[in-house]
Amino acid sequence: MRNLPRWISPVSWIGLAILYIPLLAVGILSFNATRYGQQWGGFTTAWYAMMATNDAILAAAWNSLLVGVASTVIATVLGTLLALGLHRTPWPRWFRRGSDLAINLPVVTPDIILAIALVGAFAVLREWWAVFKPGLVTLIVAHATFQISFVTLVVSSRLATIGRDQVEAARDLYANTGQIWLRVLLPQLMPGIIAGALLAFTISLDDFVVSFFVSGPDATTLPLLIYASVRRGVTPEIHALSTIIVAGTMLAIIAVAWMQARRDAKPTE
Amino acid sequence: MASHLVVDGYLTTRPRLYGRGGLLIAGAFLWMGLFLFAPLGGLAGLAFAQRGEYGGVEWIFSWANLTRLAGWDEFGFSWSHLTILWRSVWLATVTTLLCLLLGFPMAFWIAAKRPAQRPLLLALVMVPSCVNLVIRTYAWQQFLGSQMPAAWLAQSLGLVPEGAALYPTVTAVYLGMVSCMLPFTVLPLYTSVERLDWSLVEAARDLHAGRWRTFRHGILAQCMPGLLAATILTFIPALGMFVISDMLGGAKFLLVGNLIQQQFGSMNDWPFGAMAGLFLVLASLVALWGLRIVSEREAPHHGARR
Amino acid sequence: MRLTAIAAILLSAAGLAAEDKPVRIFMYSEYIDPALAETFKARTGYTLDVQLYEAQEEMIAKLQTGGTDQYDVLVATGLLVKQMVALKLVQPLDQALIPNKANVGKQFLDTAFDKGNTYSYPYFWGTSGLMYDPAKVQGEPTWAWVMDPAKAPGPFTLLDEARTTLGSALVWQGKSMNSRVPAEVKAASEAVGAAKHSPKCLGFAGGVDGKNRVVGGEAVVAMVYNGDAARGIADKPGLQYAIPKEGAEIWCDLMLISAKAPNKAGAHALINFLLDAEVAAQNANFIQYASPVEAAKPKIKPELLNNPAIYPSAEVMKRLTYLEDLGKDSRMWDAAWTSVKSQ
Amino acid sequence: MIATPADGRPLDLSIAGVDKSFGPVHVLRGLSVGIPDGQFVTLLGPSGCGKTTLLRIVAGFEMPDRGDVTLGGNDLLRLPAHKRPVNTVFQSYALFPHLRVEDNVAFGLRSRRVAAAETARRVREAMDTMRITELARRYPHELSGGQRQRIALARALVNEPEVLLLDEPMSALDAKLRKEVQAELKRIQRQYQITFILVTHDQDEAIAVSDRILIMKDGRIEQDGSPEEVYERPVSRFVAEFMGSANVLTATCDGSDTAACGFAPLRLAAPAPWRQGHIAIRPEDIEVREIQPAVNGVRGTISERLFRGDHWELLVDVHGEHPMRVITEPDQVHSEGEEIWLELPPDDLLVLRD
């Protein structure tokens, strides 16, 4: 890119610092032997050992993963179909506007309002169907409900970058509707679908308010557990847990980048 | 023939397209209708009900929650709620501006890197948001605590009294807010900076435009869609945020988020909570709609051919 | 013969069912000795399943949104009982199943929260007062330390609880902690508002946070619950907890049975179990809060019994007041609190 | 799919009475044209004249409101786009960004489930023809505009369509490259011997490649003829101006072979059919004279003089009003401000129909 002003780089580092200072603090505290407060009490890995044997944390991690994956799958399928149905159909203007509004609704609605609405819906549905008792099912349904919007928004923006000429070209080259989907639209949409799914998954992993209201006694997720520990004064096990989450994510990203680099390096001669 | 139309080279009719499109969107809209729109509608109704003597809901229609939100409480008119509202908007606005001021250079910085490095840096910006917000905010508390280097520095410079922590302060609140929202500013900004047509920027420079004019006409105009997305993604969540202000600002001042949360919690006044929530939703939608209109006017037209 | 066989089968089946069915108690974290689960299982055959909340309002919200069939025993502060009864979140107790009620101290029975103990029996009780660093304050503890910026000895925190903080301000101003007079409540809210704007005020905090800031030396005095104070003092001996001279709140957490408790028999068994003298003593020794079970006192560690932060003297007890449910007037209190936090 | 008739009847394309509106905009107005098999036809006109819409109708991306389109007697309109023996080179090229060049080229064959070996053979052939074999493993975003255009062509031609549609395929190329591609197009069309329909708004391009040019205006065909005809004998003021900066003069005519225009009476080769209308003359047909010519002499002042390499272009003020464009040999040197005589030979004066 063109020569940027010299101050761009330092400002960016400041931005990164603001992002990473809390993570760094958590990382350091996770090795601090002091249980409460910030005084340095010596280096220890005891919190990691404790975390690894803490059934509550492991169960919550498992629940979070389960809820995250299940709700993300549901939301990604429904959200992608919604984006496609809205984009590839000549809906009347009022319908388009209305759908736009409907999709943005979960994005602008405060968590607590969403939570209360969902809880109300589950309470009514439970009268007929016992599946909706507070627990993993309600968590998955609730998460999927607000995730759909995010998936749809991301996939739609990707869809908008795929010109109509792509479909026309495929059609012109003898592709029937099924072939157009499989050979042209889906492969090009995939980055958008993956990005949407990742976003949805992150939101699910991080959600506290909605989870709090819809979860039952047997379905504690990590944010619920973390929130509770913060309320009663954070235990360093939570620091260890957060550090592991960050480190794991970073490793995953680096691995993906490395694989990408390898793949790019190989083919074109 | 006239009732037929051709979409993507396929001869079809409007009802058939609606049928196919309807099938595609049916799943999501049924789901959202059942779990979201219907209950939200119920909640909108709740906003006009009344709190029972011991909490709970009395289904008597009343405008009281609306007048209460506007400021008429048990002690007559007070500015309480309007102040809360104003403070929330102000906090969200300043946060958004700070995020844009940091996020724009960061977007350029990333876009200027080699293509292979860009996704890595972008991921680096996004990683912090996968750590729970409460934990990160708690970490800020730790970082700003009285025993930490940052506080020592401030103490030795005489900025704060000996032994004092750097929170609760306004600065701490903004640090926390920016730290939390910045990834959502950088991401959309980066996508439009990356697609920037530099020839237009150079054209502006060639015309001997000043730095500001080059930026305004050459860069800002092109980045408008990303800028708007960034503003929306930063401002709206910031508007409802209250955990950070409570933890780093000493919970001294209520924000809209607190107000709503309180009604469903300690105050046990669900109807009023629903009213305040409804208000926030509507205000956000109006803001969103306004921004969309602006963006439609400002964004370069990608009109269809013909 | 055949009849007895069937009866035996039925009985054993019932016994099995009782063993399989857990009793769920919904309470604050770290509020029961985990070792008691085994004793409970041994004595009654029920498994104890502890579910946690971190704030009273969380519990109410959970129950109100259809959680009443998820829990058997609820631990709630006395102030909330009337509300929980009105919202049909709890059910009347079968008194015959709780013989250990006889162990409870007289002053904790038949209180204003629950006349005749139709719904509840007490679990633990405590106070809210001031925790401070005696090296940095002078004179008798007073609410003025946190309510009057001019008299504040140094940085302080207030409790982020409307009733407790405004109530304390009322007591400081010589009014009732449960005042229903708008002018009095308003005056109290103005006092708290003024305190908030003092540069010495580090804000409103939860009990744990306030304690941490005194322990960390950032605050000189904090409004806290006595249990948090006890832990803080254990972390940093030398700190003190006191009931201010004007008086303060006494609170009592009660055990209730959820309206749709799945295991009603087990719930009664658990309440009865926790009121057992020996069990209550073991629990009190572990939790280090004050037990309302009079019969347990002989078995409670003397260092706890003699700790005025846990068991205040009879003289101090006279200055303590229970918070009452204010019914319709709670709206007025809400408005007052909102104005404190918004200005 | 329309197979080539067994009797070898040529696959003539026939467009009859086609009408198309988009909302209030009437894009095609009862347009009819027949295109014999193997012809290189160009649809030429300014933007908005309906040429792209016509192309899209043939391709199958639009349905006309009225009218018929047949290929070798078979109704094309009844077929969806993917069943028409027609391929398109899109203005944007519309290459599939997620596919390598070879997979882009093979796309159509794979859609029709042509056997793998045959696909490979034909793809190789097409890429050889377009000289893009060495790009086979690249992705479109790694290629230049010219390379992409070749791939788009190969991708269409590999299917051996009956008709190839080209929608402004050269608009994204620079001038030098455009010249090369034009020659290439012509060569390929001869090689494949199929009908090419090119849409463009560039008259030089149209003249360079076409067997036949259809000049379109407002949804109608304004003139239909060979490049020479269209260039030499424009029928209307629109064609004359569009085809190459002709000097158009407003004139009156009383039925004789002399027309009166603002500055002088002009002799015509034949009487004009109107009382008031336009006549045109190309800049290169105007002769510059030192002395007054015998017929159709006009005196003017050179107001501007531009050297164009192989010729001079003069702007001549005639009687202070009409600046006339005149092209002279490079060895004829004139200076600005000089007064000269212009001769407008009667045979070169084009009487336009309007």
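Note that the chains take the letters A, B, C and D in the order they are written out, and that residue 1 is the start of every chain.
Here is the rule we go by: contacts are C-beta pairs under 8 Å (C-beta built on N, C-alpha and C of every residue); 3 or more make two chains touch, one makes a residue touch a chain.
These figures come from a predicted structure and were not determined experimentally.
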Between the pairs B-C and A-D, the one where more C-beta pairs touch: B-C
Greatest separation from subunit B - chain, by CA centre: D
Computed distance of Cα centres, subunit C from subunit A, in Å: 38
Computed distance of Cα centres, subunit D from subunit B, in Å: 53
Overlap residues in subunit D, where contacts from two or more other chains coincide: 59-61, 80-82
Touching two or more other chains - residue numbers and ranges from subunit A: 37-38, 116, 120, 168, 171-172, 227
Touching two or more other chains - residues of subunit C: 55, 58, 61, 216
Complex contacts: residues of subunit B adjacent to subunit C: 51-56, 73-75, 78-81, 83-84, 87, 145-147, 163-165, 168, 246, 249-254, 258-259, 262, 264-269
Sites on subunit A touched by subunit B in the complex: 1-2, 4, 7-9, 11-12, 14-16, 18-23, 25-26, 29, 37-39, 77-79, 81-82, 84-86, 88-91, 99, 101-102, 104-114, 116-118, 120-121, 141-142, 144-146, 148-149, 152, 164, 167-168, 171-172, 177, 180, 202, 205-206, 208, 222-223, 226-227, 230, 234, 238-239, 242, 245-246, 249-250, 253-254, 257, 260-261, 264
In the complex, subunit D residues that touch subunit A: 59-61, 80-83, 86-88, 90, 92, 94-98, 107-108, 110-112, 137-139, 142, 155-156, 159
Residues on subunit C engaged by subunit B in the complex (per definition of touch): 55-58, 60-61, 64, 82-83, 85-87, 155, 157, 160-162, 182, 186, 196, 201-205, 213, 216-218, 325, 327-328, 330-332, 334-336, 338-339, 341-343
Interface residues, subunit C side, partner subunit A - complex: 24, 26, 29-30, 49, 51-52, 54-55, 58, 61-62, 65-67, 69-71, 206, 208, 212, 215-216, 235
